[in-house]
Amino acid sequence: MLEVVAASAADDPLTSVMGVIQVVLEYVGTIAFAISGAVAAGRKRMDLVGVVVLACLVAVGGGTLRDVLVGNLPVFWVRNPTYLLVAILTAIAVVALTRTRALDVLQRFHVIQVSDAAGMAVFVVTGTNVALAAGASDISAAIIGVLSGVGGGIIRDILADEVPDVLRSGQFYATAALAGAAVYVGLLALDVDPLLVFWIPIVLILVIRLVSLRFGWGVPTFSYGAPD
Amino acid sequence: MLEVVAASAADDPLTSVMGVIQVVLEYVGTIAFAISGAVAAGRKRMDLVGVVVLACLVAVGGGTLRDVLVGNLPVFWVRNPTYLLVAILTAIAVVALTRTRALDVLQRFHVIQVSDAAGMAVFVVTGTNVALAAGASDISAAIIGVLSGVGGGIIRDILADEVPDVLRSGQFYATAALAGAAVYVGLLALDVDPLLVFWIPIVLILVIRLVSLRFGWGVPTFSYGAPD
Amino acid sequence: MLEVVAASAADDPLTSVMGVIQVVLEYVGTIAFAISGAVAAGRKRMDLVGVVVLACLVAVGGGTLRDVLVGNLPVFWVRNPTYLLVAILTAIAVVALTRTRALDVLQRFHVIQVSDAAGMAVFVVTGTNVALAAGASDISAAIIGVLSGVGGGIIRDILADEVPDVLRSGQFYATAALAGAAVYVGLLALDVDPLLVFWIPIVLILVIRLVSLRFGWGVPTFSYGAPD
């Protein structure tokens, strides 16, 4: 998942640090995504199988869509199940912690929302990168980057039998992802320092997400005809 | 998407005209499909992100399913984002035109339904063709052709949290697609003139669609056990 | 779908018998899965197109997911449409038999549930096998095996606009599949006789399914926050 960014960085301490931070962000995002899947399963009164499956789908769903669409097969978790294991352990922890107040504390201090934003940001950048490496056009690569970041949440909501939140919440979520992916592609074309190419879109996505959460900013909704 | 049909036609003015008409029909279909996605998003009060995503999914969803199932990867829009761009612009136009009466006029004169039928017809034929070129058996190729034509609408309805219309409307829609795909495969086997092989199924699909819309003909529904 | 298990067995009468039994179980499972799809379509008052499509999706959906994720493309039914044809004929038979009491008799004697369990068991084992042959890690192969067995039912419930039954029924279904896949991978690692490697997981899945159906055993459900 990370080779493309990390490969050229092997000898450079600064970018090696970057590589480590990237992996840390990916696991932070995997855990945050898995929590959102497990919580959605709890809201729908699913059984433990549903909790684990939903946690895994949110965690690896975006990357799986990306790998299928660009033809990176088998998909990334077939050879390396680490991300799946992290998601499964997270799901079990969520169930175990429900009787304590741990989840409420995490939510009161917005830990889950910030982790989700960080994970989404890094998934968008690595997803765009994987698509470019597979020969995608700039526009298509940005769209695959967005899908890598938001696809897991869409699959979660489909399985929970709801209209995907990202399509109707009116929040800057997919919009933040698209801004980050577009800036990433643009910076690559401008031949900017790799460190900036990597970090500017991630910081941009985080700032858009957090500012929009704080002030309730977002995109307008569209209403046409009678509701079904 | 079109190479298979168009390739052998480069020197033949008659079939070159056919190639141009095919491309025109594909864009007509892409626009009609994108309108149906944007309108569904409006009915569900989605935000602008949802409008654009649904428009794109209906427009390229069937072809994407086709490419994944036969292993034509990366999928067609990864290298060439033109169809996605057309769908995005269509989605924006739908939102902009809602305050005018343009959409109502289009619907009163059945422009959208006829365009949808024309697009579906050409997607079925090219989809069947792509599957045959990938080594599919005749029956499988016809089924992939049907999926290419109706898959986008199925994905739209899943995201809008509904039972897919094509599975329960009782209209001749997937049935028209299947008739066209079967006739296409049969004409190929009979070694008929390429022009007829291409046009007979498209005209057949259009006629079945329009006659069934006009007279309300369709397939019976099936009822078993208590509704959920 | 069966090459991996069956290939090495060509000269051995005992394992050739095994190969035949495996194919029989696969068709039994395909028919049982197709019946569940057709019945779900009837409950949702779909039309005949919906009945056939749902029957096909349950029957070949799990194997299709498996082939896409490991990159076995085109998917298995593109070259050999036999499983699709069996599912289509089953769907037509279900509609024809509704006016008789045949389906009720089948259900009273649990024929459909036992056939479903047998089919699911063999799909889990062959799915795990296909994933291992494609280079999957043990854990990933087991998960793909589970998806091969339960994926068709998940797709059925998504199209019927419901939360997938396997995620919330509280029954030992995916759990039985996971136990079978894990035991299969474990027995392979222990280099046990191929006949036992094949049959122990299948019998295990069948026993867990039937015992849990008989005594109502299952996994606990998880409830968190207000229902949506």
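As written, the chain order gives the labels A, B and C, with residue 1 at the start of each chain.
Throughout what follows, a contact is a pair of C-beta atoms (placed from the backbone, for glycine too) under 8 Å apart; a residue touches a chain by one contact, two chains touch by 3 or more.
Here the structure is a predicted model, which means the values were calculated and not measured.
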item	value
Rotation, 0 to 180 degrees and nearest 5, that superposes chain B on copy chain C via CA atoms	120
Fraction-based call for chain B against chain A, same above half, different below	different
Geometric centre distance via CA averages, chain B-chain A, whole Å	31
Residues within chain C bordering two or more other chains	68, 71, 73, 158, 161-162
Chain C residues within the chain A interface of the complex	68-71, 73, 131, 134-137, 139-140, 143-144, 154, 158, 161-164, 166-170, 173-175, 218-228
Chain B residues touching chain A - in the complex, by the definition given at the top	38-39, 41-51, 53-54, 56, 64, 68, 71, 73-75, 77-81, 84-85, 94-95, 98, 103, 158-162
